[in-house]
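The structures come next, written out as structure tokens.
What follows is a pair of complexes built around chain A, which joins chain B in one and chain C in the other.
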Partner chain A sequence: MGSGIKYRCPPQVAWTVESDGILLLNAATASSRRLRYPEAAVWDWISRGESCDRIMRKTAAVAKMETETARRLVLEAVRSWVEAGFLVVENGDG
Partner chain B sequence: MANISITTVCHRDCGYCFARDAWNGAVRHMTIEDYQRALDFLARSGIDQARLLGGEPTLNPHFPRMVDLALARGLRVLVFTGGLMPEAALQRLEQAPADRVAVLVNVNGDEPGQAHALQRLGRRAVLGFNIHTPAFEPDFLLDLIRQHGLTPSIRFGLAHPSVDGSNRFLHPRHYAAAGERLARFAERARAAGIGLELDCGFVPCMFPPEAWEWIGPGAGCAPIPDILPDLTLVACYPLAALGREPLENGRGAGDVRGRFDALFAVYRPAGVFRACSGCALRESGRCEGGCLAAAMLRLRRGPFEFSVAEERLHEQRTEASRSARQGQPAGFHQ
Partner chain C sequence: MTRSEQPAPVYALPVLDRWLVHAPLHGATALVNSAALARLRDRDNGAPAGRVAELDDLLAREPQSEPRPHQGPLRPQFLGLIPTRACNLRCLYCGFGAAQAPCDQMDPRIAVAAVDWMADEVQREGGQTLDVHFFGGEPMAAPDVVEVAAHRTRAAAAERGLTPRLEAATNGVYSEDRARFLGDYFDWVVLSFDGPPDIHDRHRPAAGGRGSFEAVARTARILSRSPADFSLRICVSQHNVSRLAETARWFCDDFQPATIDIETLQPTPESEQAGLLPPDPYAFAANYWRAAREAERYGVRATYSAALTEAPRATFCPVGNDALIVSPDGRLSACYLPEGEWQARGLDLNLGRFDDGAIRLEADCIERARSLPAAQPRCQQCFCRWSCAGGCVVNHSYPGCPETYDGFCIQTRILTACSLLGASLADDLLGDRAAMEALAFERSDLVETAHG
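Right, the complex of A and B next:
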């Protein structure tokens, strides 16, 4: 991939798949967050190494939303996970 | 409460043992001097019972004296043993005051040598049984109690996983089968005048609803610190890999438990089942979600990476700057 932003999940972060979403745990900050769908699905796909474009398309499909809306949902979710320390920015150009 | 692990030595090789991982392969007996420090810890913690375990605690060559030292301090003594013990240890337990010394004999089945100890301990002995398979057969316990005149009570434990180990344990997916079997056994035991006690980690949903009355609230997951032979403290054996605390002068069990509670708090929202999230039993406080070490089996961890291409970000930035110009928040949550 060319320019863009690369994110990394730090080792102190763990998660479990629950019947109603995903539970994120951050041992470094002693914090947790419950993700409902479709955000939970986004985390699951990210953790499985799926590409950003594919995740945006799948989010649009499962949440029955426009591709542009799905794109914003995914980026907003990623932004909030960075803010909470569940992801860290590995490199970026702004 | 706090347990004193007075030796790492054991002559059994139980596949479900979750203690071995806590010792990192060390072979060690607690010394008398260190044992006295452990008793000091109990005293300043306001604990009135010395719970001696191992390994096989009776294999510590100082075991008889250790029992005496605890009794001399006015403590009650509870010994966790496999029942295969040296004659000197058996004699000491046999002669100890029955109202102050109890022996919990963990049995797996018909093991040579256990019957001898059970016969001599009689009412001092309570049977313990660890469930490590859903197809366990506990009826022999009733025979042992009748045959040897033991205390009419059985303490059942779940074989929990150690966080970093490879011990054999009862996976939560087998809890329902084990709970059904235990509930049926409880009826037969009660008919024989024998009560059941459940150790930590049992969850109500593993039992048929008609059994909930006799199960009671259960022990939940409230780790009892173990003082290891090297005088370090762990929250419990299954969670030993997550942290240790030194046994220092001035600190009591409450302080140590508080530290461990804080260390584990982040993981507590996770339960042993996916369905623990939002479960009414849990939300009502009837259940704590089972053994934390078992719940942690469900944790997934990175590392993983995720990249967002420049053109995708650009669209977002365009949106953000347009929103900013219009005085509106950007992004999905509008």
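Right, the complex of A and C next:
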């Protein structure tokens, strides 16, 4: 997740907001993943097209961590979601 | 006998040719004729007979204790956050000073610390729900603060095994994306919506003078398709009072809200300058009742907050009810109105402040806030003493407020009586202006010889 890269949720992925996180469902792979906090907040912001900087800043606030730590958390979460097919890269150089 | 030295109150007030007897702490209500009321008043001199005896037996039972303010450390039922005092609307009746409000936003670290403090308190008290409410200004004018605080609430609840509950009072004028966020993550949204375009845009123009109706209607539609429960809140002036039933029907048809909250305009210098006045209280009572009946046909509950009679209460005002409201600058108070509004009434509702990363509450400030709703001479002989309980401490029952009933009291007394009477008798009462006036201006509702 770097500058200029955008992600989108492919049509076969659905998610539901639960009281303690988010449940992702991938109909194409018949897989699911339950996101706890703070990853659930990261998913909310990515799915709504927030910029990378804002996501990292807000994740740091929610998780009460340094921005650099939040940056690593966000990058790792996004990498794993792309790997599992819950997100795809929409455009950019990445 | 209640814990106080006074006997539990029994009230009687005229309803057409009969009397409504109401003993809120006994949970007893009856409609009797004058002869029966006389027997009830005289019951210390001989046993009443027939159905009056049944009522007398009920009144002789042990009443519940008078509702009293909490004691000891603050025990807020919810945490209130004001992300900003700024607002993108210029409602003619705004009592929050939004037009002059600074655009400052709460530091998200304050919001997070406040949520964590509240979560710890709920856990320590053995509670189940972490309840966080957002007020303004317009809270969504500071969307990052709302999002961080909402997600932190959910995270803090999950960490402690609590159920998060998020509520927002909002004007609905923002993007579809922000409306969907509220619909997805909030449990209850109170959306201010005053009626059809001619009414709503007159009451609630945007900052540039444009109407706000279209944006609010769009948000209402998004909320109606979302998992969140939502309420549509109507502010009633002299302009829309006669259109409440029509508005309620339209709301139910188009938006299917969980409730419709109907409250009267609280006059401000700005609203008076704009020619906007509270409705005639009798017209409000009659039209509110019609709107409530209309909503009921759709299974939607209409509410007027001062006339809820389900359980006796010492106050429904946040002040005195252990509310904890955090202002954008980290001040902690018992009220979400701006500080200048309280100060104009000679009130200090501060409870402490967010300081050096921690919530610091002042015990003497907490006791001062708790004591305020109890000191209302106007309410002492009113049968709404344990339901309306004086209403807003800042706008209605402030120290030195008049001791005579005002428009708010009149409409509240009539509508409280209606809710106790039931639909058929309420219709009769509301169709008779003289009967409403007799009820509204009864000097004292107290039955003097109430049992101890």
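Quick note on the criterion: the second predicted complex is superposed on the first by the 86 of 94 C-alpha atoms of A that agree within 3 Å, B and C clash if a C-alpha of one lies under 4 Å from a C-alpha of the other, contacts with A are read in each partner's own complex, and residues count from 1 in each chain.
Throughout what follows, a residue touches a chain if its C-beta (ideal position, glycine included) is under 8 Å from a C-beta of that chain, and two chains touch if they have at least 3 such contacts.
Since we're looking at a predicted model, the values are computed, not measured.
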Could you tell me whether chain B and chain C fit or clash when both sit on chain A in the superposition?
-> fit
Now for A:46: first (chain B), second (chain C), both, or neither, which partner does it touch?
-> first
Superposition-derived comparison: chain B or chain C, residues of chain A touched | B
Go through the superposed model and pick first if A:30 touches only chain B, second if only chain C, both, or neither.
-> first
Check the residue A:6 against both partner chains and state whether it touches chain B (first), chain C (second), both, or neither.
-> first
Name the contact category of A:75: first (chain B only), second (chain C only), both, or neither.
-> first
Where does A:38 make contact in the superposed view: on chain B (first), on chain C (second), on both, or on neither?
-> second
Tell me which partner A:20 touches in the superposition: chain B (first), chain C (second), both or neither.
-> both
Would you check which partner chain A:90 touches, where first means chain B only, second means chain C only, and both and neither mean what they say?
-> first
In the superposed arrangement, which partner chain does A:61 touch: chain B (first), chain C (second), both, or neither?
-> second
Between chain B and chain C, report the minimum C-alpha distance in the superposition, expressed in whole angstrom.
-> 7
On chain A, the footprints of chain B and chain C overlap at residues 17, 19-21, 48
Please give the residue numbers of chain A that touch chain B in the complex, ascending.
-> 1-11, 13-21, 23, 25-27, 30-32, 34, 46-49, 51-53, 56, 68-69, 71-73, 75-76, 78-79, 87, 90, 93
For the complex, which residues does chain A have touching chain C?
-> 17, 19-21, 36-38, 40-41, 44-45, 48, 54, 58, 61-64
How about chain C: which of its residues touch chain A in the complex?
-> 108-109, 112, 144, 147-148, 151-152, 154-155, 157-159, 163-164, 177, 181, 184-185, 227
Quick one: in the complex, what on chain B touches chain A?
-> 262, 265-267, 269-270, 274-278, 295, 298-310, 312-313, 315-316, 319, 331-333
